[in-house]
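Have a look at this one before I ask anything.
A, B, C, D, E and F label the chains in the order they appear, each numbered from 1.
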């Protein structure tokens, strides 16, 4: 029982240690990577990634069409 | 052979009996359930269930836009 | 080794032979089939096959709506 | 040269048996019915194709190591029919049935087709060469349930050898419902009865639609656990759709998942259309009994509706009884069509949908009875 | 007559055990929570339904030859949780985290909930009747990871008997995040801290988003191979989405494929909710420990954020530390909501998404540690 | 402390072998080619990722109990390539080929690449260290079929150890078609030939498109049953699309189903990229022979087109012969592009689609020959 508990406590320290070690290394790696990417592959911001996919771009046009149509419809001369 | 046949006939009576018993109980259960639901959860009719899903509501707007646009188009001043 | 090679060469002649035989027979079969189909099931050209599915026909209408709307929008009186 | 000979000996021409050739013709016939005649193409096209593929000599596509051999596991384990039943459940709207619950009895009556053709199958044993066991007879009878996945599920458990013929008969007759039912319906009803207009139905609340599948499942658990795989998956699909909170699961269940499983199920059913299982006198018996099952079920439904019309305070058009066989939604459409012929203002479609979906429940219950009583 | 008796003896009523009845109630309770309370319905609805189906007497749906028996193989082999993780990866946008990488440390701190409840589980062994092994304790602790597929993956490897209870606890508490977290967050922060506004984030380039999942995988390969099934499939999904050249695979991974697998996974998890596995005092322990795990993880995340705020040159609102438990995206929304209460112009959502997705990585790493150290 | 040591001994760093590291580099190279160079990303991305995952030390993702181990069953059983072939069939329009059937001969001629490289593989046995059996040589030759699922299917049957290298070579060279083909096409044709305009094609009726896949299957059944798994599934997909009555099955086959299977197939192929199978001199041989196969196939197609042009009453532009290797639709696009260079009004795309899809049939036939003659 006490042995089990001490294994558990060791596991806790080891585990949290590794989690922090891993994510800290990841922080450094990301900073390095971002610096490298920004230096060697300077891109315009990833607009393309957050832009809608084919489907939603259709939706956008649809929405635009709807809005235009509605606008027209309301302002009928 | 005759034995097989008599098993079959017994199965028929038993089977139809259970089918009717089951569905008759279901009739009573539905009536009870509907009464309870209507008393304790009085809702507006399940409009929401027969309403279109996201996709078809888009279609609806699309259709509206098309109709409006076509209408406009035909009535061009 | 030499035996292996001769098996390979035999395989090559046999293989190319069968490929040509098969596809040549297919040519004749197609010609025959087309003649039969055109005689016994004279259809209008398979327009329906190359026409868009439900989805893209929606897109077409959408596009039409957009174009109409945009057109209207630009020519606003 | 040796290679040429071995190649010739590996051709289909060299290896064809008469049975395989005939079964391939059956496969092409099914494709013809599916494509040209519009007979349940979603199922009969893959079934027909599976029949062709599995009867190709030498290739062994339905034998160990072949594609159809692996796919068939999904039927043997009951996975495919149950997943299809889940998708069908998600597509089913119990609203019309909940609005008029007594139409459930029509769905019960129409199951008489199942048991009558079970007896018929046993009676056919007097024909020399036919030897249907009780299991076979039950699997044949279930054709009368007019419900594909239920028939396949039951046949795969009770009589796998007859599975191919039973599935083909079930789907073919479902496609033939517009031909089989009308004469029977006309013969059993008077013009005046066919003219009967039914009261408009109340609308059904969302809560009722959510509770119903659970109640159905509960009843089945208490009374007939052997029907719970079928009714359970059906109820799951229906609940996913009715509850409205798992829309993406419901959509997938009634679209991509059911489509994928339909392709696999059809091919695997087709792989059971082998010469030595199908080219038997039994198959003729199955086809004949299947037609009877549909006819008897239709008649039973109509007669039950006539009886109910006599005792009910609200009028019931006997035509909707025919929809109790299930064969969703064709049977309901047939009832609607015949109603319109007699009375152009009489739209029975919604009224017929009640017994129609009740028929699905009814045949799942009947399946449960057969599975639990026949060992 | 004999048949009638045998039929009665085959009913659920005749065969029910108290345990099955209770587990069925648990199943209905889960359905109620899913549908009526909106508790993670995508998972809890199939899990609840699976619990009902698998506890039906006689039917044996979760026993050899039954549907849920076959589906469970997908969990036993780890296939389902990994495919879900791939889909989640495809849905995850690492942009906010890459813009502010130090928020990864918040995702690390919040994993303290995992290890604290592991210790708690071992401590509970003083209660007579409870006997959690180290494997059990680890599987329970992983509830604190607040990530469903990770919890199911780890539990299926370390403690399959507790899988049902652990999955139910994990998804229930994820649904309860908006109730569990706020009091802890308020208690540990001052009004002034909650008012802190954070700097607008830089935008992240597409190249960074493509390289990141590969870098994450590489680090995990070098340091913690036992975490690579989880992190690998997550990175695959993320890469498919980020790279933009396999859009159709990415869409399928985050829609149809994840939906199909979710239905199967939910049903199979539910099939582990059997009376003799769930109706144990252990389950109460698991539920209690799970709640502690979430609470402790939340507290650890907030405290870490307070510490970082002290030493950072740019301000860090401690509320976003709570999002480090993962429970994507609810925990981030909770942080946003509390931020808005104190400062109506303070939109923390994007800032909280960093620690939120970092929490997913953190718990996958913690899972890797547990899987590699506990034999 | 003990734990720390055991943890260190469980890291990838501690356990890496040189071969695994190299294969991981190969995996990253494939990802680079897929994402950055656009080399068949739908396949090479999952293959590359699979290569990385399966070479992670300790994790054992491709070993018994790991995800890729289970997925690989779909290749071993031939399920994945056949399902992909069904989807490809559903995407294929045989219209241009039916309008001009003699272009089928171009698809036949281009298969010479398969057999020439088969001979080449046997000839390479003079190199010390290389020992290709006839099965190996056939599996290598099939790269020249320029058709992914066919290559994977044949390699999985004849030479599973070479599967990884063969699949990688096949998809890489398909991506390289725009580089490999033009010089050969230019060298073998005169400017005048490249200027040849072809007559406009007749339109093809729906009935012809429905009958064709069945006729193709029938011919294959009669002559070459060993090709029927491939040709059968291809014909099934094509029929589902052409007949128009099972639109929902066809759509699923060419979208969600093929996407799901592509992910699984790619990962499983990648799992065959292990150091001791790939880091062999054989792999260099395979890569060299694959390139030859494409080149020879292209040349054979062009020469055949030149011969046909001489004897045909309607003009045939020899460029379209190159499309006979298949590699749909890149090879047809290459033919179109070269045609436009010589004659800006010469659109060869539709004319090249005929030989292009004929090439798929041609390589399936060649695959059938190899599978039936080599035991």
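For the reader, a short list of remarks on this structure follows.
In this text, contacts are C-beta pairs under 8 Å (C-beta built on N, C-alpha and C of every residue); 3 or more make two chains touch, one makes a residue touch a chain.
Predicted model only: the values in this text are computed from it and were never measured.
Distance from chain C peaks, on a Cα-centroid basis, for E.
The chain pair B-D and the chain pair C-D differ in C-beta contact count, and the higher one is B-D.
Compared with chain B, the chain whose C-alpha mean position is the greatest distance off is F. Separating the CA-averaged centres of chain E and chain F is a span of 41 Å.
Each chain gets a centre from the mean of its Cα atoms; for chain B and chain E, those two points are 35 Å apart.
Listed for chain D are residues 3, 7, 223-224, 251, 256, 369, 373, each touching two or more other chains. In chain B, the residues that reach two or more other chains under the touch definition are 11, 14, 18, 62, 65-66, 68-69, 72, 77. Contact residues of chain E toward chain A in the complex are 93, 95, 98, 101-102, 104-105, 107-109, 111-112, 114-116, 118-119, 122-123, 125-126, 133-134, 137-138, 203-209, 211-212, 215-216, 219-220, 223-224, 242, 244, 247, 251, 358, 361-362, 365-366, 369-370, 373-374. Every residue of chain F that touches chain E in the complex is listed here, in rising order: 3, 6-7, 10-13, 15, 24, 28, 31, 34-35, 38, 41-42, 45-46, 49, 52-53, 56-59, 61, 65-67, 70, 255-256, 259-260, 262-263. Taken together, the chain C residues at the contact with chain F in this complex read 1, 4-5, 7-9, 11-12, 14-16, 18-27, 29-31, 33-34, 37-38, 41, 43-50, 53-54. Touching chain D in their complex are the following residues of chain F: 77-79, 82, 210, 214, 217, 221-226, 228-229, 232-233, 236, 239-240, 243, 245-246, 248-249, 251-253, 256-257, 369, 372-373. Within the complex, the chain C residues that touch chain D are 10-11, 14, 18.
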